[in-house]
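What follows is a set of structures for review.
The same subunit A turns up in both complexes below, where it pairs with subunit B and then with subunit C.
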Partner chain A sequence: MHISEGILSGSVLAAGWLGSAAGISYGLKKTDTAKIVRTALISSAFFLASLVNVRIGPSSTHLTLLAPMGLVLGFGVFPAVFVALLLQALLFHFGGLLVLGVNTFIMSASALLVYVLFGKFIRGGRYAVVFSFVAGVTAVMTGACLVGAALGMTDGNFFTAAKIIIIAHIPVALIEGVVTVFLMSWLKKSAPEFLS
Partner chain B sequence: MKGETFTLNIADYSTITDCETSPAVTLACAVCYALAVSVSDSLPALCLASVLPAVIMCRKKINITKINIMNAIMLLTMILTWPVAREGFVRGVVISLRVNMIYVTFAGMLAPLGIGGLYSALILPEKLRVLVILTLRGIYIMHERFSAALVALRLRAPELRGVMKLRAFAYVVASVVLQSSRKSERMMYAVTCRGGFGGFRRDVNRSVTPRDVVMCAMFAVYIAVIVGCNYA
Partner chain C sequence: MLVFMSWACEVHAHGVGYRQSGMKAVALEFFYSTGEKMSYREAKVFSPKDEKFAVQSGRTDEAGRFAFVPDCEGEWRVIVRDEEGHQCEAKIDVTPELEAVSPGQQEEPLYVRALLGVSIIFNIAMIFYRREKHAH
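Showing the complex of A and B:
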């Protein structure tokens, strides 16, 4: 889901940075000082999850854990994703520093959407499994659609490539959905304070 | 778990090295150059912009194999999806050039600064600075536990497949996060004791040296020439 350097136009890069800056500042304001440790932990988990490759047939992919991040952190997901992506860009050159704003916005907005749409239902209990699965799928597919939108806004001819990206994310979204179901059920049983 | 690979070698990057120029100036110059390259479309401008990465490549050994594998995939996608195949190829080559130039420049200019140098160069708010420290520390702690848990899982249940494998992975992630939580609280106390959230001090020398001024001037001229060449 990382967009590389050198692909997006200047206006898309600027829009990404503006959206991310607004999200990060609001997220930091909403994040309690006492909860900054939890934000850092989830950010670390997001960073590490991207290094674990899971095989799908002959290919392999890595998990994003976007939905669990959004459901645990709420608005705090913006600074968490920003820090994780910054460290990935600096340490491994995944993504890049210029596209950091766009990448942060894409992933954080997807996670936040899941929190807003499904947060209450997943914490509530009834049909939590179904909502967790839908949340996991929605987070990844929203991210893929936003990547496609960023590419499409750069150049109209990128739309076909954007369609390929969205289709390629369908198996990843299904896997994320399953992982989100198990993660949320485990957290609800063993550490409900994480979802409070 | 068979099929999962997990590698993390960040020790090499986390050293703080002495730099000839200020980290903030180096970062600013690299970012401005990358911005100029990413808005350049014309081949003369890109040829001019490739001088800096070429000089860096002559002086330092930078591995560009991995990034070019990704480029090849992208180039293939562009050729297959662009309305006219030749245009798609040209567009793909332009993007590949840009990606390589930005990658080499960042790797050549920013990697020697180390995380410490870059961290000092970035002007971040207090909470975000503490978040960076805690996340970096959390990565080390969780990486250790995560690796051990994955090895244990692989040894105990090598036959796991499909949904069961994903369930095991989800439980590993959740339990590692929970286990690390207690240690992280101690990290937080340490941050508070050292002055975090009450004005976390950064021991950064922000004085501008003549070398910084020369570097800024050279980059300003270079970037102006690239941009001018692109729009001429």
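Showing the complex of A and C:
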């Protein structure tokens, strides 16, 4: 889901940085002392999840954990994703530094969307498993659509590539849905305060 | 008639051939940070003379290998990327003799970089934690 350096236009890069800066600033305001360690923990999990490969036929992809991040951190997902993506770019060469703003916005907004849409239902208990699965799928597919939109806004010729990206993420979305179900069930039993 | 036909065939047929090149090739292996090979990924070669347009393009092989033959000195770049946005850029310094090719700096092992990343995240968190605590 990381967009590489040198693909997007200057205006899309600038819009990404603006959106991310606003999100990070608001997220930091919403992150109090009690949530800082939790944010670091989730940010580390996201940082390391990129190393877990999932084979899909001849190709492979990696986990993103977007939905669990959003459901646990809420608005705090912006600074958590920004730091993790910055380190992934520097240490693993995923994405890049100029495109960091766009990548941060795409992943954080996708995670935040499922927090807003499904957070209450997953914490509620009834049909939590179903909502967790839908949240996992929605987060990845929203991210893929935003990647497609960023590519499309740069150049009309990128629409074909965007279509491929969205289709390629369908299996990943299903896997993330299952992972989200397990993680949310485990958190509700072992550390319910994480979802408060 | 037959003479005319044989003449026509000779005119339209392009001759092809090959010979072994004595020039030195640069062979590279591309892989993900997990160690997995970047098999069958799009590869582009940029010469020092033109940084915008690739002089060669193709795909890596099953083992993530890609080779090109530099014809001038300077820094050559090979960019390999996949459909998910992962991109690896190799910079190769080619000497005037096209003999000594330096592959650039080798990276730390993956587990070291992973541990370093987690450590940096928790250090940043501690800085914020202390600042918030002092503020209250």
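Operating definition for what follows: the second predicted complex is superposed on the first by the 194 of 196 C-alpha atoms of A that agree within 3 Å, B and C clash if a C-alpha of one lies under 4 Å from a C-alpha of the other, contacts with A are read in each partner's own complex, and residues count from 1 in each chain.
Methods note: contacts are C-beta pairs under 8 Å (C-beta built on N, C-alpha and C of every residue); 3 or more make two chains touch, one makes a residue touch a chain.
Quantities reported herein were computed from a predicted structural model and do not represent experimental measurements.
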{"item": "Superposed partners subunit B and subunit C on subunit A - clash or fit", "value": "clash"}
{"item": "Contacts of A:Ala84 with subunit B and subunit C, given as first, second, both or neither", "value": "both"}
{"item": "Partner chain(s) touched by A:Asp32 [first = subunit B, second = subunit C, both, neither]", "value": "second"}
{"item": "Subunit B versus subunit C as contact partner of A:Ile24, first or second or both or neither", "value": "first"}
{"item": "Touched partner set for A:Ile175, first subunit B, second subunit C, both or neither", "value": "first"}
{"item": "Which superposed partner A:Met1 touches (first subunit B, second subunit C, both, neither)", "value": "second"}
{"item": "Winner by number of subunit A residues touched, once subunit B and subunit C are compared", "value": "B"}
{"item": "First, second, both or neither for A:Leu65, with subunit B first and subunit C second", "value": "first"}
{"item": "Which superposed partner A:Phe94 touches (first subunit B, second subunit C, both, neither)", "value": "second"}
{"item": "Subunit B versus subunit C as contact partner of A:Ala128, first or second or both or neither", "value": "neither"}
{"item": "Subunit B versus subunit C as contact partner of A:Phe47, first or second or both or neither", "value": "both"}
{"item": "Clashing subunit B stretch [against subunit C; choices 81-89, 171-179 or 189-197]", "value": "189-197"}
{"item": "Intersection of the subunit A residues that touch subunit B with those that touch subunit C", "value": "4-5, 7, 28, 31, 33, 36-37, 39-40, 43-44, 47-48, 51, 53, 60, 83-84, 87, 91, 93, 96, 161, 164"}
{"item": "Subunit A partner contacts - residues on subunit B that touch it in the complex", "value": "3-8, 10, 13, 31, 34-35, 37-39, 67, 70, 74, 77-78, 81-83, 88, 91, 95, 97-99, 101-103, 106-107, 110, 115, 118, 125, 127-128, 130-132, 134-139, 141-143, 146, 150, 163, 166-167, 169-171, 173-178, 180-181, 184-185, 187-188, 197"}
{"item": "Residue numbers on subunit C that touch subunit A, as the complex places them", "value": "32-34, 36, 39-40, 81-88, 110, 113-114, 116-118, 120-122, 124-125, 128-129, 132-133, 136"}
{"item": "Complex contacts: residues of subunit A adjacent to subunit B", "value": "4-10, 13, 24, 28, 31, 33, 36-45, 47-49, 51-55, 60, 63, 65, 79-80, 82-84, 86-87, 90-91, 93, 96-98, 157, 160-161, 164, 175, 178-183, 186-187, 190-191, 194"}
{"item": "Residues of subunit A touching subunit C in the complex", "value": "1-5, 7, 28, 31-33, 36-37, 39-40, 43-44, 47-48, 51, 53, 58-62, 83-84, 87-88, 91-96, 147, 161, 164-165, 168"}
